[in-house]
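Every chain is named by a letter (A, B, C, D, E and F) in the order it is written, and numbering of its residues begins at 1.
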Amino acid sequence: MNSASIDQINSKVVTFGEVMMRLATPRNSRFPQTDLLQLTFGGGEANVAISLAYLGIEASHVTCFPDNLIGKAATQYLRRHWVNTSQIRYGGEEMGIYFLEQGAVHRSSTIVYDRSHSAFALADASIYDWEQILKGKDWFHWTGITPALSRMAAKSCLEAVKAANKFGITVSADLALRKGLWKNSEEASVILRELVNYSNVIIAGTRELDLLLDDTKGSLDEKVQKVQKLYPSVTVIADKDRKSRNASINTIKGMLWNGKRKITAKGLEVTHVVDRVGTGDAFAAGLIFGLLTMEKQEEALDFATAACALKHTIEGDANMVFEEEVMRLASGDTSGRIIR
Amino acid sequence: MNSASIDQINSKVVTFGEVMMRLATPRNSRFPQTDLLQLTFGGGEANVAISLAYLGIEASHVTCFPDNLIGKAATQYLRRHWVNTSQIRYGGEEMGIYFLEQGAVHRSSTIVYDRSHSAFALADASIYDWEQILKGKDWFHWTGITPALSRMAAKSCLEAVKAANKFGITVSADLALRKGLWKNSEEASVILRELVNYSNVIIAGTRELDLLLDDTKGSLDEKVQKVQKLYPSVTVIADKDRKSRNASINTIKGMLWNGKRKITAKGLEVTHVVDRVGTGDAFAAGLIFGLLTMEKQEEALDFATAACALKHTIEGDANMVFEEEVMRLASGDTSGRIIR
Amino acid sequence: MNSASIDQINSKVVTFGEVMMRLATPRNSRFPQTDLLQLTFGGGEANVAISLAYLGIEASHVTCFPDNLIGKAATQYLRRHWVNTSQIRYGGEEMGIYFLEQGAVHRSSTIVYDRSHSAFALADASIYDWEQILKGKDWFHWTGITPALSRMAAKSCLEAVKAANKFGITVSADLALRKGLWKNSEEASVILRELVNYSNVIIAGTRELDLLLDDTKGSLDEKVQKVQKLYPSVTVIADKDRKSRNASINTIKGMLWNGKRKITAKGLEVTHVVDRVGTGDAFAAGLIFGLLTMEKQEEALDFATAACALKHTIEGDANMVFEEEVMRLASGDTSGRIIR
Amino acid sequence: MNSASIDQINSKVVTFGEVMMRLATPRNSRFPQTDLLQLTFGGGEANVAISLAYLGIEASHVTCFPDNLIGKAATQYLRRHWVNTSQIRYGGEEMGIYFLEQGAVHRSSTIVYDRSHSAFALADASIYDWEQILKGKDWFHWTGITPALSRMAAKSCLEAVKAANKFGITVSADLALRKGLWKNSEEASVILRELVNYSNVIIAGTRELDLLLDDTKGSLDEKVQKVQKLYPSVTVIADKDRKSRNASINTIKGMLWNGKRKITAKGLEVTHVVDRVGTGDAFAAGLIFGLLTMEKQEEALDFATAACALKHTIEGDANMVFEEEVMRLASGDTSGRIIR
Amino acid sequence: MNSASIDQINSKVVTFGEVMMRLATPRNSRFPQTDLLQLTFGGGEANVAISLAYLGIEASHVTCFPDNLIGKAATQYLRRHWVNTSQIRYGGEEMGIYFLEQGAVHRSSTIVYDRSHSAFALADASIYDWEQILKGKDWFHWTGITPALSRMAAKSCLEAVKAANKFGITVSADLALRKGLWKNSEEASVILRELVNYSNVIIAGTRELDLLLDDTKGSLDEKVQKVQKLYPSVTVIADKDRKSRNASINTIKGMLWNGKRKITAKGLEVTHVVDRVGTGDAFAAGLIFGLLTMEKQEEALDFATAACALKHTIEGDANMVFEEEVMRLASGDTSGRIIR
Amino acid sequence: MNSASIDQINSKVVTFGEVMMRLATPRNSRFPQTDLLQLTFGGGEANVAISLAYLGIEASHVTCFPDNLIGKAATQYLRRHWVNTSQIRYGGEEMGIYFLEQGAVHRSSTIVYDRSHSAFALADASIYDWEQILKGKDWFHWTGITPALSRMAAKSCLEAVKAANKFGITVSADLALRKGLWKNSEEASVILRELVNYSNVIIAGTRELDLLLDDTKGSLDEKVQKVQKLYPSVTVIADKDRKSRNASINTIKGMLWNGKRKITAKGLEVTHVVDRVGTGDAFAAGLIFGLLTMEKQEEALDFATAACALKHTIEGDANMVFEEEVMRLASGDTSGRIIR
């Protein structure tokens, strides 16, 4: 990858997961109203890679695409947005797709998936050589979506975190429970517990934490404490609190538990949401960036919250903002004045 | 009509009125700024038909189009949006047109009409065979715009409501006074009074109620009572209260008088108006749907208010939302969270 | 269906087959060059239905769509283009999709399919009640793509042609061999032979005829004779001869064998191809229209050839042209002068 | 008017006629396929004004627009394209409109008019003060469309040519017979004969010349001679010969009779027609420009033919090409090589 | 200029300054996300001219464009928006350009300039004949950007204000300090002081006033008083107070000191900013219009504030609003209700 | 670079030169007709890099961009199209720009440049470390445009070819004389002669060869022989013959002299030119690819000619076609049939 044109930071991050074609109706229109769809690509982990790349991190994404025009276009999308694509595998027949209608005010956004037989979900675990991929890297990031896609994807993910642990690479995970993808919650519980044992930083809310615990009683803070006791590898647990006044006005506030204390970020009200998708991934990328480059976790959390807030103003899945833009907001300048 | 793909409800509604070509500047641009216009079609009654069709009602629209490419395209628009178009007549030369510049914040939307010699306004009343059209139907809807367009249109409307009464079909009317269309208020008064005598549900505000009364003194509630006394066929009078903070922020609240008491819906603040046109028609359609399918008028009014609020987020004249979407909002979920 | 606005002809045609979402790059651009895709829908059989509907025939299409926003949008596309959609079934998860890059001059158009697990391919044959569907209809049309999609689709197709034969409905088939869809040519041969036994009009070239014959020696004319002998139900065999100077200049000429003699249409050179897809379907629709409404097969073949030539100037899969437009060209007026 | 940025020529030309809003489907699409229309403005005489303005002539257009957003936008369109709009009148209600579907190859372009009650057609002749308008001008141009629109428009046109004659201004006319606009050919004949008596340069084909003659026997050349004898003011008669291989390939060749001899221009084959509308107006403008600025009528005719050919490559009604571009083609350079 | 179609006011205003090509990403997209740019033109002084022209003032803009397609297109843009362009000069090679990414909520708009070698900046002062340009005019307007562009531009500006003083024409200036354009603040100070000596109405905030003063201590009110004492030609000083809650919500309030007292306008909250650029120019134009046509300065200031607020809803640099629209808002109607 | 998704070939090519922002009017429109410009990037050498990358070669481009949003977007464009951008330098202020109006038929394309003060032209030669850049590479390509841009650019180019010679890397050059860029032909002659002394494959026509010769008499073949004698490093001279029937129909035929004999490719007629720009670069890339990977120069020349022909069908500067597509045409299949 070349990120010569953006301030370079020496950390190297690897992300792993499915990338889908995103087909969105143009702003405000519904499916039966349009004859044009906006074509981009996205996925929970690739979104993190793009965000990090814009922040100056050397970010590689690992995935599998069909070896045709569409798979090539997906790789080209990641290259365009600064991601290192040298570890992408090609094979299989079809690309995961998701259709998106953006909501507004009281009208919800609607997503329809077409991903059940994607090249990624069907790919054999053997196509990824994790030792070769992760050698010399600093951070590995996965999400709870990947192991939910197929047995094979779960296996690949497990091999990846094991290899990362072997090399002493920090592992982060956004557990992001998607009930529609798992057979049942037991399956989710068994697989995620094993993966979390190899992870160091996890993003999880009540629903995700419950999957890691046999005893799910107690407050969020108590759950966090239990998870930190049960999974000693996990040094940081984070989450973001979202208040949705409606689809166009959301308030975001990051929270982080580091085993010693709970840190809460300044809340940010996003008064005119442009695109709600991928805001969690922007938070994750901001957190990874903060933990990699900042001295205090408070700073990292404010950075993650600001990154998340800014993502709401960017169309598409990924957070295409620069470090200085996030820093300006994280430092408290909410004015949005023109930069000349 | 085929509405097999949406939850079917057995009621059959017929609407009658002019459909205009709507030529709107793209979002935020003014006429001298654009070389592209957005082409859709709309009219106060056809908008109700489309809304009802999306809600699962079998809705037929009756109108007259010129028998050329443009008239065909108008029919195709209605077909695309689930309306039964089998009773549309073809003849005459020109299509009614309206030009629209969408406003924002303190800038008003501007509408310029080009409808004075439309095929609909000039059509002879004899082209509609109302007994054949209304046989087996459950509801007939007209608005105060139709009789204002021409003597012939008023005559056709009167024949329609008489036929509806003959078959025992419920008749609703959105009186919607458009001063620019009537010669004077006396003409409006005479014609509307006769039509209201054949109607059961009317949507009207102070200005419209005054046309039905010789004695226009008193409060809105008192006017409603007088109208209900003078026009015994009218069992329900409804209206919506709109507060416009500016063109982009409106608050909507439905009201209904059923002869016994006044019902007031929960107000909904639309914080980011996308399209203000047709919101009254969305209210009317929501009310018809509610009265046809719900047990309590309170529910119907909340449904109508929610439908109206959602319309503000849809581009175009008609409210392309599904029953479950309206119901979610009517039930108090204003969060607009993503539906996956 | 309502086709009141186009000259109505009393024939009723039913078509059956998969409809795919068509996602095309805007004119002249390749996939990695675009962020917008043009959204329409199409399929070999539905294209025939749309063409026939524009020609004034009451055309119903039978298929199966997923019961979600995308399936609804597909139905709405067919409704918009005059097709009767009352016999469409809803179920399954995913819509067939094809991606299209339009070629030009020496650059070929490229199509990538994503249809392997479509709702149509996986649909159970029992969802179609062919006797109810075909009762009162005049013509049934299928293509060789449908039985190639899945065992279930082949079974449904066979049940349809049997029901059509029972009611004495004319059956036409465009055998359209797609090698990529069949397991092997034996499977194609076995299944197509059985279906052709119930068919009356077939469109087929050398490759398709060979599948119907054990002895594939001889010229095209000889093969046609053999097929007509072996399959006595088949009274008409037709094909079109295409000369491709390049992707932008094609010459088209229809041929028809009626058991007695071979008829050859006037050739038409399309000097500026706009869209090559669906031109065979336009030929099939033109032929069906001609055989249904014209006295002489010569006229029908000229009509089919002209329809095919006109389709090359229409974007999208289906031939949206009116009878008078085809007739003008079929009658020899190639001038394309402005119609005011 | 300011045409400082283009090479200024001192001649001043006035044109008179209706300007319509032109609403065209985007390239290749038909009306039921599009939700966007391309908005420009045009009319046979204003097209001549724009063409002349681009060629460096000070061109004023006289017309009447409704005094609303739409009329303003029409004026702004003419201003944008260098026309002097200071003599435009405002009044009336509606703008003439025409809808256009561009054809291709064997598919004809289709035009639907909506102009019957336009502000221009209904405008009183008294609103134009022709002496004030024409004072100090060099040339006045009208077409056969204007007197066909209404009695008032015919009256205005007659007053204009009389005033022009009074000032000794050259009068040109493109007789352009539009049968749909005239009540019958007698009406056309009576009115056009009177107007031609005040005209000096006319563009007319067989159909138009016949209207000027009682005895319509003979060849085109003979008709021209008769007209020149009967109407002594007419010193130049011109026409263009068009061969339409199809809607995308046309060949153009100008012809001119000056009373002494017939001049024929070099023919030009337009192999890829972009927009067929307004090509006659481009020929007229080229002829006026040539007669105003060139020594030989041969040059003027070649210039007119080249201007006409170039118009086929410009979208919209008017010929937006510069003198050097026309001259390059008129001089025989058909190569279309890049100009850097 | 022709502004016959808008209510004409007899005042004639001349503005002088660079016009840049504005290339903006489509709404909400960032540079690496788009393959299309929106092309308009703008500059601090030309924006004032366009605003005034829409308000009915005869406004001429003086500038210099390269004599090529791009310079012509710039002139055409001004003509389209009613500006008199007869005093534009042509010469030089390149057009100033600015690239714009519109911000939203907490994301700032970003502007990148490419104007260092523009035809305007390099133009010799001798190309403008100010006596000829200003003769018979009523008002001359310049901004602090022009003298900052180059020595030549500063010289031209000085010659202009001297000529204006000679003719007794009112001179207004929006001092608009752009630090990036001046070598240092001393240069700015020297040049601006000289120019202000010839000016009557200035728009300036603290930073600009400081440049005019040796002693910059004290409050804003005190600075204003000092400036009014030091520069006796300056009879009016105005400014607008902007509160940016974020890029999408701004509150605007005009202030004016007339030597006797300070006037403060009603504040207006713009809740959904569409385009932040050019809002200061809209304020300036509103102020000039008010001072030219209204009796009281209070009215003028409310008008300027309302004009400024409305500009936030218009895409592009200039305020394309009509007098009645501004007046409605200035009079306190903030509802933005539909105008039919 | 990652070209894992396209068939990888081990050769590594480096190109060097300015990349400009290309701002093109949408298809068929002229500058004053459009409010949207198509944004891509291109330059004679980068176009070669993109073409080679699509053909599977690892291609690096060396250039200098301003370190802002625009420079980043340019890098992202090259990354998107598979080019290795790790050797791009950042500095300076402005990006070279060219404006393009696409011609059609007899209307020429028009290009306006804005590149005189680009970051590339002003960049110091010291920013490129050619030994580090070229180490391990196989081919270096430059064009005659680069040394014409500035003394510094010429110096950088000379250092590059010297370094290439030092490493034994093949050097190719497309001499491409642009008279507008050179001070005079002597300057061009002196500088190009020195550079050609370090080059092995040159593409040049009569005009370019003349610059390399003192004695410019004789036929093209004789000139080629003289150049090959005078510049012994030059082993291959190639050119393409273009016949322009008009802007939409061109015929292309490659020619190559290898010191022993002249080879002539099969001519290809491009009947519908989509984009004429960059076709020479496509020829150069095809030639480099052919010489690197094919056994016979005849094959290489046919490949180059086919690549050139295909480029005429691709919008934008660079030839985004795959090896198999070029090969199909080079092998004689001109049919452009659909690839499924």
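Convention: contacts are C-beta pairs under 8 Å (C-beta built on N, C-alpha and C of every residue); 3 or more make two chains touch, one makes a residue touch a chain.
Every value quoted in this text rests on a predicted model; they were computed, and no experiment measured them.
Colleague: If each hop has to land on a touching chain, what is the smallest number of hops from chain A to chain F?
Modeller: The distance in steps between these two chains is 1.
Colleague: If you take the mean of the Cα atoms for each chain, which one ends up farthest from chain C?
Modeller: E
Colleague: Farthest from chain F by Cα centre, which chain is it? Let me know.
Modeller: The chain farthest from chain F, judged by C-alpha centres, is B.
Colleague: Specify, for the interface formed by the sequence copies chain C and chain F, whether it is same or different in terms of residue numbers shared by both sides, with half as the dividing line.
Modeller: different
Colleague: Report which interface contains more C-beta contacts, comparing B-D against B-C.
Modeller: B-D
Colleague: Can you compute the centre-to-centre distance for chain A and chain D, using the mean CA position of each chain? Integer Å is fine.
Modeller: 62
Colleague: How far is the middle of chain B from the middle of chain E, if each middle is the mean of its Cα atoms, in Å?
Modeller: Spacing between the chain centres: roughly 45 Å.
Colleague: Spell out, as numbers or ranges, the residues of chain E touching 2 or more other chains.
Modeller: Within chain E, residues 27, 30, 32-35, 72, 76, 80-81, 110, 272 contact more than one other chain.
Colleague: Once bound in the complex, which stretches of chain F touch chain C?
Modeller: Listed in rising order, the residues are 27, 80-81, 268, 270-272, 274-275, 306, 309-310, 312-316, 320-321, 325, 328-329, 334-340.
Colleague: Under the definition above, what is the set of chain C residues touching chain F in their complex?
Modeller: Against chain F, the touching part of chain C is residues 27-30, 32-33, 103-111, 113, 178, 180, 244-249, 272, 276-277.
Colleague: Considering only the defined contacts, which chain A positions touch chain F in the complex?
Modeller: Spelled out, the residues of chain A in touch with chain F are 2, 4-6, 65, 67, 71-72, 75-77, 79-82, 84-86, 88, 90.
Colleague: Please name which positions on chain D make contact with chain B in the complex.
Modeller: Per the touch definition, chain D meets chain B at residues 23, 30-32, 34-40, 68-70, 72-73, 76, 93-95, 97, 99, 101, 110, 112, 114, 116-117.
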